[in-house]
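Which chain is which? They are A, B, C and D, in the order written, and residues in each are numbered from 1.
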């Protein structure tokens, strides 16, 4: 009896190997799951946090929403953001005069310094993509909408100036839009 | 061609020499790692071998030490959250939660109910993905190359789901003091509902291909027996303790969040060997699916972050707190002491893998080398968590 | 005699080319099959369907620096890969690919194969020893005990077949079998076939018996320290050995070149490839066995079974002869 | 807990608010009573969670966290060591798992655990084993009572003043030894 039991157990053990082969055999014939990267991209990039980009104002595509308050740089855990504020434009003689008058009257002088930053330096090599800057921005000027496949040859390729990037992109889009009608006419 | 001139250099570094001092005559002192296919990262294990038998083993860690606890002392509470995702990259959300939970305890912040459910759902998904990766990598240790690809196939789907609210795929920094960063979208919830039956359908395949396989059974049965008392002595928790028959799960023992409202079991195994730990993890996948299903049904509408949540420069009140969370590897604990300043005064991270790995020296004694590798794998080690 | 010599020389060249070609094809097949099992495409970039991938691999291996660790034995270290590869060429000579299509038609063909197959283990132990590496040494020790153990049931199972055919000449054994599967030796000797396949896996160090190079335990075992073509030779020898054991299995158990419609050599190659495909599937399905289990399987199961099978076979052979004489 | 540790000469035993601090008991022990206290915890089936040190004005507060597999609750055993010669006996003989925790505490704070079976650097490279990254400057240190939750005092030995909230201003000055 014992021998029969043992033999049955051995046979079922061997059968388990056949079951394994059946599983791999089944998947052998099924379609593959790989996305062949350079020719196809994964379809879920819309929710993926790639690097930061500056959001433009609704009116002007080249003008960043940023008001140079520096909250993001303060919040950043890895100190990868530097906001370079614009210097106040040199006042014209008339303006100077007006300011002097206002001061003499004791009125508050309206600051003419543009609020948008001159440069918004972003070191992607340090960034840990936590989103703290985005959450602490009072005007929603930052977004994780960058190029998920960003690649470069050196570290300095990832030291971005987000303002310049925004403007470049706006120019490129402008070109695309300009080119679009001709494409259509050709088609 | 360079020849060694310095005999010390040839004999080995500090740890090798320290270890070899007490080695017996005629035995082989072997360095497994820090670069070795089965140590998953940069763990190094010094073993003294007699033929194929391991007489003594000593893990050498610290190759990935980043002094996370010091980093906490120069960052504010909100700024430290991204670090938590990098402690244990496989179950990052448990660490997120442990830290955020400790801060919330300290400051007495109440988390909105929906946020609690979102936390449970994402954390349990993260646990499944962690267990799936362990499963694949463990079989790689045992010489089966295919299961990891199937496990990754499923894991990718989980990562896609988690990517929706968190935006990341591995090192999440998703939890915030007082809630979570983003709500689950309707699309995400739909995908979760689709995913649960799908993974349930995959589990029998795992069983057929691997769990029932006679070669695997013979490889992991009766090796690495850990008695419950040994768990107590080393403070081993999680699947390692549960595989030894201890019904201990932080989710039940120190209930936090909405876990008391949820109906789930704590799988344990009385086998105490590597097979027991294997079975516990496989059963936990099913239990996590159950938890997620219930959460989806019970989740209320509402905010996911408390109003007036702490800003980055927020100062935690003075005091201390300890928050324990059940991670994929065991009890994740974060201890905070704050003096009321901007930065934390002291943060202590209690890594479950640290305690579990310290068991290894005792358990591996007298086993075959192949078994020692199988035991090491069955402890489910994540080196960044151990080294911190 | 010169005619015979020329024939052998031509055959040797043909075999060398064939081995190289088989190696390349097998690399592609293995990677492609492994890929598809794992739901990956496998190589697909170099050439159509990645067919040129093995060539690129080979080029890479040839181009790599030949590296030898300090304190290794330079003579033995470089001798080992050569010794692994060269005897394999000899193993191909007595293989009957078709009717009369055999390089060296000798009576003791089977014996020649078994004798020279045993030489492979020598190269493994040399490689492991000469590299002055602890992992290499462990791998070499594993290779030797595994090889020595599994040769015995392998021999016994092969003997059972040659008892039936009454010859050690592979061509004769094949001729004794018929066109259809039920005329093949596998029908009369299923147990011997099973034992043979298991032993062949172990002899060629294929998963699940790839302990001498079990990467999760001893990194790469005996070839840990080899780079470039040093490694390439071991790699090639592994595939070449696999072809030999599959060919012998085909000749002994699966009716060799016999088969309906198609010409003989085609059938032979077809059967060999199917067996190889099975080996590849084994590798990508099963976990590795442990060392003591490996030896237990051999000494506790395969060896007794092989002995019983041999005794039963000889009994029936004698019975058959006896009854022939009587009638 | 106070019954468990009776007769050991504990300096301070307090019940803590679990919801706020995550632990239920906090005990200050003199160095000499540590081993006996830990032995009793071991016999009562507690397991060791972690060991770490806090660098405070009054010295290093070495804390042992214990928890239970079957019952809820977490106990913090604390020993205060002077800054100039921080040494205390190792509990690795009682809880084998303490070996690593003690080595880690040595790496971070330079506290010597006498009797640890393998007292070599663990996390920090042996080349820089004497840097003790978590030691604080004398200026940055704060007082124990400012950091720790006093809790509901069950027992306080009269000469134990670390946790007394309102100390006279004269004594509050850091007594850097």
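Keep this in mind: contacts are C-beta pairs under 8 Å (C-beta built on N, C-alpha and C of every residue); 3 or more make two chains touch, one makes a residue touch a chain.
Being a predicted model, the structure only gives us computed values, none of them experimental.
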item: Distance between chain centroids, defined by C-alpha means - chain A, chain C (Å); value: 55
item: Chain centre separation in whole Å, for chain D relative to chain B (CA means); value: 26
item: Chain B-chain C separation of Cα centroids, rounded to whole Å; value: 43
item: Residues of chain D whose C-beta touches two or more other chains; value: none
item: Multi-chain contact residues (two or more partners), chain B; value: 146, 150, 153, 209-210, 213, 215
item: For chain C, residues contacting two or more additional chains; value: 37-40, 284-286
item: Touch-based graph of the chains, sorted into line, ring, star, complete or other; value: other
item: Touching chain combinations (by label order); value: A-B, A-C, B-C, B-D
item: Touching residues on chain D, where the partner in the complex is chain B; value: 19-23, 42, 45-50, 52, 54-55, 65, 67-70, 72, 74, 95-97, 99-101, 108, 118, 120-126, 133-134, 142, 146-149
item: Contact set on chain C toward chain B in their complex; value: 34, 37-40, 70-71, 134-135, 138, 141-142, 207-208, 210, 214-219, 283-293
item: Residues of chain B defined as touching chain D within the complex; value: 14-15, 18, 58, 61-62, 65, 67, 69-70, 73, 102, 105-106, 108, 230-236, 241, 246, 248, 253-254, 318-324, 331, 333, 335, 337-340, 345-346, 348, 350, 354-355, 358-359, 362, 387-388
item: Contact footprint of chain C on chain B as seen in their complex; value: 1-4, 28, 30, 36-38, 51-52, 139-146, 149-150, 153, 209-210, 213, 215-216, 218-219, 368-371, 373
item: Chain A to chain B touching residues, read off their complex; value: 13-14, 16-17, 19-20, 22-24, 27, 33, 44, 47-49, 74-78, 128-132, 135-136, 144
